[in-house]
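In this document, chain identifiers A, B, C and D correspond to the written order of the chains, with residue numbering beginning at 1 in each.
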Amino acid sequence: MDFHALQQRLRRFANERDWQPYQTPKNLAMAMTVEAAELLEIFQWLTPEQSLNLSDDQRRHLGEELSDVLLYLVQIADHGGVDLDAAVERKLAMNAIKHPPKKS
Amino acid sequence: MDFHALQQRLRRFANERDWQPYQTPKNLAMAMTVEAAELLEIFQWLTPEQSLNLSDDQRRHLGEELSDVLLYLVQIADHGGVDLDAAVERKLAMNAIKHPPKKS
Amino acid sequence: MDFHALQQRLRRFANERDWQPYQTPKNLAMAMTVEAAELLEIFQWLTPEQSLNLSDDQRRHLGEELSDVLLYLVQIADHGGVDLDAAVERKLAMNAIKHPPKKS
Amino acid sequence: MDFHALQQRLRRFANERDWQPYQTPKNLAMAMTVEAAELLEIFQWLTPEQSLNLSDDQRRHLGEELSDVLLYLVQIADHGGVDLDAAVERKLAMNAIKHPPKKS
């Protein structure tokens, strides 16, 4: 996934629909949270085991909600001035320090 | 961003910490929503305009929260059996049909 | 609002539908978050000013989402063993200490 | 719980801290969602069974987060012009129609 190319596509998509005035990081963060909760809804009454064995329909639905979250996520990074690839590497390094492995 | 390579790294990271039993899509979806809300918290009392002009500290914080959401997102795709690159392309095509452009 | 009476009504409602196995605090917390996000969705593309001037339809929708959140909230308190009236008073006292008033 | 009295207390509390400009329904809805996610975080890695058997510390923490959600909820109702008691009764009636009981 080329985040920069995707961000350009999404900017063009928004421009063609006059959505720019709505595209503040604040609004996009709300929209991403709404989509995260729609994803959560898929699992809300499932047992942990059932969540590991999704039907084809549930998996397709999950793919749509994951995409919705990701599309807002890359737009927040774009409009908020964050280099997402660099931020992820930095976070992985922080996590490795915060949570030392149990095993050698 | 190579999602498959990242998913392998995160599986190894979880294995080294005995986290596998917790890594159900249900739990990961909860964790992703919690991180989405931590990102939302950055913007909660800001005006739309302020959210477009973040300080360096706010931008670094935003990068960390975006990464947290993304790391759980790719793990949900991995454990839920979703091909994330394909799902995003499919969703972009659906969005183009659902929201026709205003301009030619 | 008599929380105890409402909790009894909701327990009876769930029993009559065989919903008890799903009524764990974990699942109810997911459901409450989903409803909170549905409420958030009402405001997601509104300006702050527009959010202060809702139409009758928006206000009715808001009332439904507020109720959904509240109904799950009192069920979480019930199944989690929390006295909600006492917890609120305790939190108000904590908030008054945490945030001293600016004016005398 | 007298919602109207609580709303008056919270308005006074906000006034004494010059928080009125921030108290739009849009911002309050964001804040409520953030608190709902903090509550969700308590349960995120627990099994359903563990979520039914909280320690005293977990129960106290749960009470604080439930209160945070409720305090924002009544403020959204107040600033959004919703009569919360009436809205809840209306929603309970709607739910009874939407989900007919399985048992007589």
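The rule we apply is simple: a residue touches a chain if its C-beta (ideal position, glycine included) is under 8 Å from a C-beta of that chain, and two chains touch if they have at least 3 such contacts.
A quick map from chain label to UniProt name: A, B, C, D = NTP pyrophosphatase (Non-canonical NTP hydrolase).
Owing to the predicted nature of the structure, the values given are computational and were not obtained by experimental measurement.
Matching A-B against the pairs in C-D, A-D or B-C identifies C-D as its interface repeat (over half of contact pairs the same by residue number). Chain pairs B-D and C-D differ in how many C-beta pairs are in contact, and the one with more is C-D. Our note on geometry: chain B versus chain D, Cα centroid distance of 26 Å, whole angstroms. Taking each chain's centre as the average of its CA atoms, chain C and chain D sit 3 Å apart. Annotation for chain A: residues 27, 30, 33, 36-37, 40, 43, 47-48 touch two or more other chains.
Within the complex formed with chain B, the chain A residues making contact are 1-3, 6, 9, 13, 16-18, 24-27, 29-30, 32-33, 36-37, 39-40, 42-43, 46-49, 51-52, 54, 59, 62-64, 66-71, 73, 76-77, 79-88, 90-92, 94-96, 99, 101-103. Within the complex formed with chain C, the chain A residues making contact are 22, 27, 30-31, 33-34, 36-38, 40-41, 43-45.
Residues 30, 33, 47-48 of chain C are the ones that touch chain B when the two sit in their complex.
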